[in-house]
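The structures come next, written out as structure tokens.
Both complexes shown next keep subunit A, but they swap its partner, so subunit B is in the first and subunit C is in the second.
Now for the complex of A and B:
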């Protein structure tokens, strides 16, 4: 019993990061109707960004977020202007095809660059309280992962506030719902798109940092994280930031249950089964509109 | 004219400039705003948020508090419903939000495409009365509408288009008496 409880807790802890990864992907998908398949590679890049800041400059791993996120926002603006901005102008069918081409191309390029710069080895970053464990009853909670979950929740809350309170956040939601009406209302839709994409990339950077702190990063983690994020947005649906976060937690717990019941190799199966079940039973997702 | 479709030839003159190459969102900032057919509101946002988004240009934002009061004075029901999601409103109330959102941009020309579409008759007259009120407040109103009697009673100038060509023009009152217009649009029983 306590083994199961322990597994579930660990599932929740990684689920928060799934949620954070999915929030960025879901924001871009919901607003621009573009599935950025390179989202996982952006997470990977964020992880290495943190790795460099910590090992080269000696910054505290959690404090490195303060640099990785702004760098991610800036990278998002560059990527939008250089690549994704062209896709958005096309009609829907061309948009889907071209965005997949651009996304996979970007993913390959980032993967190759990461192997060049950081080799294919797994890296992690040491935290001052690296091995500390919080014991609650007979559960042990790794402090670093607990802190990561807290930070992820905090970032989700900030995103929610930006989208619901800030003028431009509301403009992003308006453009997501009907971009032509947004234009007729006087909203610069292109700027709203740039903002959404930059926020998505900034969130990917944050997720990558937390992944590297709590677990590890290697050049090949991108695809796995893109898939997790995609499963979560199908599971949760678009339209609610906190809904996506909860979707991440659900996936983390489902994976833990699956691993406990059927054994470690079946961890991933849970996510894929959930994916299919939700698509059949409730295509707009648990919290989708 | 709203900038969603670019003219293939010719120019759109406004205030001494050509709008043919101006971005759609900048056209709103210059004082022309369109209430599109079918309203096209942001239905998952509240009434208040829709209105706020209407005042997006710096000039409109500076005037937003007064504009909002004017909209609520015109459509008092919107003040009661301001925290509700637009999807929960009736068609007529949604049309009020659409007109209100356009007014929030502090326009000098308000263009409306079929504002009576799919709306209860009682609310149509409320909206047309509001248009007259807006016009008295100094905003030019350009209305494209198939509800001929209501539009002609309202209009200072009216044009009748058939098959893409203007076939009649004149004051609204004069066109209401025009035999061709009466036969084609007002029916044999019209008095």
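Now for the complex of A and C:
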């Protein structure tokens, strides 16, 4: 019993990161209908950003978020202006296709660059309190992962506040709902798109940092994280930031349950079953509108 | 509608493939045959992907799952002593059966959701296979002794030709026209009496059958590989990229795209060993931005320009 509880807790802890990874991708997809398959590579870059800052400056890994996130926002603006801005001009169906193509080219280029710069080895960053474990009853909670979950939840809350309270956040949501109507009411849709893409990239940077702190980073983690994020988006549906976060937790717990019941090799099978069931029952996702 | 233009392309491509059938007679080096083999396999994969995406308009990102299933079943049966033809047939049947089951669920999704859903399903296949069968699959020594590259080469040639014939037949048939109607406007197609789900499933079954056969060929061709490798999303994305570079929904597009893609990648790999993927990725983005409709549309635009002059 306590083994099961322990697995579930670990599932929740990684699920929070799935949720954070999916929140950035979901924002970009929901607002612009652009499917950025290089999102996982952006997470990977964020992870290496944290790795570099910690190794070169010797700062606390969590403090590196303060630099990685702004750098992510800036990178998002650059990527939008250089690449994804061209995709947005087409109609919705072409948008999806062209963004897949550009995203794939970008993923290829970023992966090759990362192998060149940092080799294919796995890296992780040591935290001063890295080995610490919090014991609650029979459960042991790794402090670093617990803190990562807390930070992820905090970032999701900030995103939610930005989108609901801030002038430009509301503009982003208006552009997501109906960009033509938004344009007619005088909203600068292009700027809202840039903002949404930058926020998505910033969140990818934050997710990468937390992944590197809690687990490890290597140039090839990109695809896996893109996929987890995509699964969470379909699972949760678009429209609610907290919904996506909960979707991440659901996926994490489902994987843990599956690994516990059927053994490690079948970890992803429960994901499959859950995914197909939800796909059939609710094509718009658990929390989608 | 089969235009004269399209018939000319069909005949031209099939003639080129017939000419390639003479290549082994010239006793070329093995690497030449292997290179052409990769192009032929790529043509089959691109053309099969084109059936679902180009005709029925569904961006299927789970193509690798069906290629992988075809390979997995064919390889297992073949190594177990079944003739390769029977193994390939069984692999194809399994792939099509899975595709129909998955299709019924996945076709409830539209547009990007369909793309994401199929990608996730394929990826779950891949991780599961790589977890359950982590060991490399190598042919028994006796089979390696009897290995003939030309057998694989002719099989690849036959499959590529079959994929061309299927698409050429489709583009002139009621079936193909119905699929294109769904692609252009699903509601309007349904309103005019087209059973959209049935036609989409037909397109998926045709596409999967070719991919399953290609998977069987892969299993027959490689002496050793990891069982999860044919499930890798790269098989899906390569087919997608070739089709889009060439021209989605056309007969000649996927063929031209496959040739360009394989030749370009090979050239860059030889020229810039270390950074070739970086250059390839960047070049690829440039092609997509410069030619959003692919080679076929670019050629049409050039032709229109020269005619108006």
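Definition applied: the second predicted complex is superposed on the first by the 289 of 289 C-alpha atoms of A that agree within 3 Å, B and C clash if a C-alpha of one lies under 4 Å from a C-alpha of the other, contacts with A are read in each partner's own complex, and residues count from 1 in each chain.
Quick note on the criterion: a contact is a pair of C-beta atoms (placed from the backbone, for glycine too) under 8 Å apart; a residue touches a chain by one contact, two chains touch by 3 or more.
Being a predicted model, the structure only gives us computed values, none of them experimental.
Asks: Following superposition onto subunit A, is the placement of subunit B relative to subunit C best described as a clash or a fit?
Replies: Aligned through their shared chain, the two binders fit side by side on subunit A.
Asks: Looking at A:167 after the superposition, I want to know if it touches subunit B, subunit C, both of them or none. Which is it: first, second, both, neither?
Replies: first
Asks: Which of the two partners, first being subunit B and second being subunit C, lies in contact with A:102: first, second, both, or neither?
Replies: second
Asks: If you stack the two complexes on chain A, which partner ends up touching A:112: first (subunit B), second (subunit C), both, or neither?
Replies: Once the two structures are laid over each other on A, A:112 reaches subunit C alone.
Asks: Of the two partners subunit B and subunit C, indicate the one touching more residues belonging to subunit A.
Replies: Larger number of subunit A residues touched: C.
Asks: Using C-alpha centres only, what angle sits at subunit A with arms pointing to subunit B and subunit C? Round to the nearest 10 degrees.
Replies: Superposed on A, the angle at subunit A reads 90 degrees.
Asks: Have a look at where A:185 lands relative to subunit B and subunit C in the superposition and call it first, second, both or neither.
Replies: first
Asks: Once both structures are aligned on chain A, how many angstrom separate the closest C-alpha atoms of subunit B and subunit C?
Replies: Comparing every C-alpha of subunit B with every C-alpha of subunit C, the smallest gap is 21 Å.
Asks: Just to be sure I follow: which residues of subunit A are touched by subunit B in one complex and then by subunit C in the other one?
Replies: The answer is that subunit A has no such residue.
Asks: Along subunit A, where are the residues that touch subunit C in the complex?
Replies: It is residues 29, 33, 35, 83, 86, 90, 92-94, 96-98, 100-102, 104-113, 116, 223, 227, 230-231, 233-234, 264-269, 271-272, 275-276, 279-280, 283 of subunit A that touch subunit C.
Asks: Applying the document's contact rule, which stretches of subunit C touch subunit A when the two form their complex?
Replies: Residues 57, 59, 61, 105-106, 108-113, 115-117, 119-121, 123-124, 127-128, 131-132, 233, 237, 240-241, 244, 248, 274-278, 280-282, 284-285, 288-289, 292.
Asks: Could you pull out which subunit B residues touch subunit A in their complex?
Replies: 2-4, 23-25, 28-29, 33-34, 36, 40-45, 49, 52-54, 56-57, 60, 101, 105
Asks: With touch defined as at the start, can you tell me which subunit A residues reach subunit B in the complex?
Replies: That would be residues 167, 170-171, 173-174, 177-178, 180-189, 239, 289 of subunit A.
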